[in-house]
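Common to both upcoming complexes is chain A, partnered first by chain B, then by chain C.
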Partner chain A sequence: MSAATWQRRRAGLRESAGEFASYRSGLVGAVLLVLVVLLALAAPPLVPRESLAVTQVTADRNEVPSLAHLLGTDSSGRDVLGMLLWGARASLLVGFAATAMSMVIGTVVGMAAGHFTGLTQGALMRVIDFFLVVPSLVLAIVLSTVLASGLWTIVIAIGVTSWASTARVVRAQTLTIESRAYIERSRALGAGDAHILGRHVLPAVMPLVLANTTLAVGAAIIAESTLAFLGLGDPTTYSWGSMLKRALDTGAATAGFWWQVLPPGIAIVLVVLCFTLVGRALESVLNPVLRSHR
Partner chain B sequence: MSESATPPDEAAALEWRDVTVTYGARVRADADTARTVAVADLSLRVERGGTVGIAGESGCGKSTLVSTVLRLLPRSADVAGQVLLDGEDVGAMTWGRLRAVRWAEASIVFQGAMHALNPVRTVRHQVAEALELHLAKAYPTDAARSARVDELLALVDLPAAKAASYPHELSGGQKQRVMIAMALVCDPDVIIADEPTTALDVVVQAQVLEVLAGLVRERGLTLVMISHDLAVLAAVCERIVVMREGRIVEEGPSRRVLDAPEHPHTRELAAAFPVIGDPASRRPARAAGEPVLPTGDDAALLEVRDLVVDFRARGTTIRAVDHVSLACAPGEIVALVGQSGSGKTTLARAVLGLQQPTSGEVAYAGKPLPRRRAALTAYRRAVQFVLQDPSASLNPKHTVYDAVAEGLRIHKVADEEARVRQALTQAELTPPEAFFGAIPSELSGGQRQRVVIAGALALEPTFLVADEPVASLDASVRGEILDLLLRLNRELGLGALVITHDLGLAWNIADRVVVMHQGRIVENGTCEQVLLDPQHDYTKSLLAVVPSALEVRA
Partner chain C sequence: MTIASNDAVTVAADDTPRGASLRRYVAVKAGGALISLAMVVVLGFFAFRVLPGDPVRTMTQGRQVTPEQLEGLRRQLGLDDPLLVQFWNYLRDLATGDLGQSYVYKNSSVAELIADRLLPTLLLTGTAAAISVVLGLWLGQRTAWRRGSWFDKVHTGLALTFWSVPTFWLGLLLLLVFGGGLGWFPTTGMTTAGAGYTGVEHVLDVAHHLVLPVITMVAVVYAQYLMVMRASVLEEMHSDYLTTARAKGLRDDLVRTRHAVPNALLPTVTLIFLTVGGLVGGAVTVESVFSWPGLGYLTYQALSEPDLPLLQGTFVVFSAIVILMNFVADLVYRVLDPRLRSA
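Then we have the complex of A and B:
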């Protein structure tokens, strides 16, 4: 890779960044997200894990929000704000990891389904169709009951069930790229599948995948909350979904202890909204066709 | 130029008065703040019933000029001066008036009929749409509109039955004729045809030109036609205007412009479309009489033996290449000519190993090609491909260096940089370092084709397969690229199989001409033999419709 190439890429990146900054909603989403990530990273020193242990708590059960406990306490007397911060770690981790997994599977399968023809393509397309029509929640529930319970089980359950739509998008893009004349030239130069996929197709589908990623993170966080809420998560970790489940189990939701229900709910909505805003802005920056329709 | 003595009541059908069109910086990628001048202070008058052809290279402002007539330019364009349509200033029209004028008084036949028709509507529906929009009163019922559509199609020599077809069921020439029929819907006085025949092959081109010329003759239309081919314009128009960089450089009766061009640029344009049989435009790689390297079956470098390629489409089998045998000697330039759809591109793809033959074989240096793709590696170094459209055959994201080095990387060749440097120099892109970092969109069409050629040369091939290598290039660039191919042939002994529908190109450079028709080779011989003394009827009919052979309109 020559120096000129890097220079141009840097310039392109700077231009894209400037373009992104012109989307106010995207910028707001990005700033909020950075804030949430920083808070999640800072959770251990801010709220030591021991202080959330049921045996260590000093506060009363179901305390109303006060200066000592800004968001009150839950049915075991634990600080809701502390649990919210710890929950952010789990939610974001699952969101990112599951999305990464789903994007990698989706991109690889999608490119292969677009590139190869005949039997390979037919087989891959049927696999994609299968994952597209199977209700992903049901499949995720089955997977997380079969596998040992834990955070990574949830990651796998979400990752394995959510890649199919990415694969279809990537396949469509692959098909348009492969019909270009420069692919024909490449083949005539003697290029094999790996060369064409790696040097021509992958760079062309990456912007699409990236924009898709930010949108998928939100969906993954919701899926994690849903699974945790259904009791399929790891009982030893805090997540926003498990907080909601506990609030329901202990009757907090019906007893009017709103501070146990609203914070995790609003946190989910907020983070998903941020990812959607960033995703939309990124999509517009990377896809010039959308840009003109702003 | 406009005749200022004309009294105002006898307005010309169409007149440009000191028109200047500039484009804002937005149209140019390289944030150049200066506005680009597309048309510079141009005046032109087209009399009622007159036919004027506007010639020029791409970027000379000819399309911009005619777009001013119906105010079709993008918002970034700025028009100064007056455009008078039947004495009325187009620039001063209200939107409502402009809508009424568009189509009813002046209509445009766009280039690229393939893309200007809606693929999901029948021809009848699309032609009737204009009737519905503009002439709802005159043709109030579906039946009346249908009858009118049939009438219009008859005008352009299409049977009424074709109205029920969708665009993809029609050939390129038929689609172009539908476009002309659509332009005639409201019986306009002025028709503007923007490169109406550019994407069509010679036979179809002749048919479309015949339709246009007939309409002008019978209906007294005023026609303004754009083309880069002087001979095409001369076949339909009385007067030819040659444009360059937004200005008129030459203007006069067609025959005079074609036969005795005064401006050097006109001569350049004329030279790009050689007259077959004219020794001046023939520039073979070797002096006449000098023997081509020995021909004959045993000496053939590249050989096609009884090749058949079938395509299966919706249950039927289409035979694209039908028992073709062909031999190319080392260092020989062979032109494969034929209409579009004759199977010549399929043959080329089979020769390159990109298309699996149904039966028969391709042999290189006496050895048949292996069928497995992996085993073709050595062959692919020796035989290289140059595609038709250089802007499409380069990855827009790759730099020139990456594009030229691609083959070297695939074949894991050492001292990559030195080879790229050498290939670019051979392709006359000097100094090579200046081009390393450029991306295709920063280059001109001719430079892009040179990059494609350099990419092929980097692997030091012995043979080149070129599919319409100059079809999408401008007249002056065309000559340069052909010179380059000939020089490479002379200096490196690089043989070439040039696929083209342009017999003039074959006359320009080929040692041998092979004529293909409906998948078969109908004639094969030296350039002079085939083009000057054709034996087969099909070759004769091809030669009869070459624009330079068409009758010039007096």
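Then we have the complex of A and C:
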């Protein structure tokens, strides 16, 4: 690629970044997210994993928040704040990984369903329709029960059940782009499927997919916490969903131990809200039609 | 002029095949639904047998089992037969409504268990859906009509916040407030254990148990009805027919309720059926939190054991319900929208 192309792209990126910064809510969301990611990365040195082992705890059970335990302790005497920090790792990791998987499947299937015709298209459309209608939580439950339990199983279960809406959007966009004259020109010059999809369609659908991605991470985090809450998570990792499952199983909610119920839920809502804010701002930046409406 | 008369001709010519085109539409949609159903049936089979992981080992994890017991379970589930024979047996059983034998509830078939739990789920999701539809649509048209007012800002903000809250956490919060603190409402089950109420007392008892689960579901679900109704009314806001209605001197309220709302309702009606899939997901978590004896709680019990035949049964039944509802949505939409009817 020539230097001029890069220069143009850099200028475009700078302009987009400037545009993004003008959305205050998006900026607030982005800053908070960076903070959460830093805290998640800092969890191992801040709260050594061994200190959360049930056999190592020195605190009492269900301790009320105090200076020693800022958010109290759970039914085994483990520090709630420490578990909250470790839980951020699972939520963010699964959120990003599952979204990446869902976006890749959705983009590939969507582009193929828009590009190819005849039997291939018909078959792909049926598959997309199927995954659109089937209740995704129930399917995710089935997948994560059948596969060996672990963090990656959850990633697969969420990724496999959440790509269909992306595929539908990408397919529509692919159809619009392929009806343009430059695709016809390219075809006339002898371009194959791979060239048209890779060099023309993919760059054109990417902005759409990227804006979708940020919004999808929030949904994936909710899905992760739901599966963990139902007891399908990795039993060896801490997660906000599994903390809430413990709170339900040990009767912490009905006993009024609010410090075991409120923090994990607030953490989920906060992170999901941040992704939504950033996603909406990104969408406005990347979609010129929405931008002019502002 | 010629164009117009041409149109008249084509409309007249289309008149006879209009019934045929409706039949074609229904056939296409029914075909799609049937293919989806077939895929659910196939997936229901292969997910539990072909995917990596040994079903017998999954079901017995964490238990003391002898090799003989494993062998017996394997035989009971028919896992020793060739895969095609297993698939044929599964299809044959399914056609007669036989979903197999539960592994944990030794004396009940999966079909019996599901039949027992169907009514409570319908009661819970039906009540929640009805309330959220009415609430969401009413708030949606009010917020749209007074766009930008504090009423609009408060309600769209509130709805979006509830929307980003995980259902089960909201349930836990209600448990915390009402179960532990105030004790106004019962927090588990559908009836008071051992009370043996009958008649009106029984109905009131169930209604009392219904309050918290329904509030949880409504709070999470009504946002989508509000947002769609709001967008739909906003789209109608600047239509000429509203100006006409105002010009003939109708009061603002009547312009809204008699002219704007009926037109805006159209897209939301389909949405109601399309959200059944989401309601099912909500039912699983809400019923798990409040131990509501429905299909969702059954799924939760099946996955915690795990009882694979039972889980397979709930998956097939849940999916079938949702696919059916989507089919109904397609039909209803066609019937309601005159523009589509003649197209």
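Observations
By definition in this document, the second predicted complex is superposed on the first by the 294 of 294 C-alpha atoms of A that agree within 3 Å, B and C clash if a C-alpha of one lies under 4 Å from a C-alpha of the other, contacts with A are read in each partner's own complex, and residues count from 1 in each chain.
Here is the rule we go by: a residue touches a chain if its C-beta (ideal position, glycine included) is under 8 Å from a C-beta of that chain, and two chains touch if they have at least 3 such contacts.
Just so we're clear, the structure is a prediction, and the values are computed from it rather than from any experiment.
Of the two partners, chain B and chain C, it is C that touches more residues of chain A. Of the two partner chains, chain C is the only one touched by A:135; chain B is not.
Touch criterion met: A:126 reaches chain C, while chain B stays clear of it. In the superposition on chain A, A:159 contacts neither chain B nor chain C.
In the superposed model, A:87 makes contact with neither chain B nor chain C. Looking at the shared chain after the overlay, A:72 reaches neither chain B nor chain C.
Of the two partner chains, chain B is the only one that A:199 touches; chain C does not reach it.
Chain A uses no single residue to touch chain B in one structure and chain C in the other.
Interface residues of chain C facing chain A in the complex, by the touch rule stated above, are 32, 35-36, 39-40, 47-48, 51-53, 55, 58, 161, 164-169, 172-173, 175-176, 179-181, 187, 277-278, 280-281, 284-285, 288-289, 299-300, 303-304, 306, 308, 311-312, 314-315, 318-319, 322-323, 326.
By the touch criterion stated above, chain A contacts chain B in their complex at residues 2, 4-5, 7-8, 180-182, 184-192, 195, 199-200, 203-204.
Contact residues of chain B toward chain A in the complex are 352, 354, 373-374, 376-377, 380-381, 384-385, 387-389, 392-395, 397-399, 401-402, 406-407, 409-411, 436-437, 439, 452, 455-456, 459, 465.
If you check the complex, the residues on chain A that touch chain C are 126, 129-130, 133-139, 141-143, 145-148, 218, 222, 225-226, 229-232, 241, 244, 247-248, 253-256, 258, 261-262, 264-265, 268-269, 272-273, 276.
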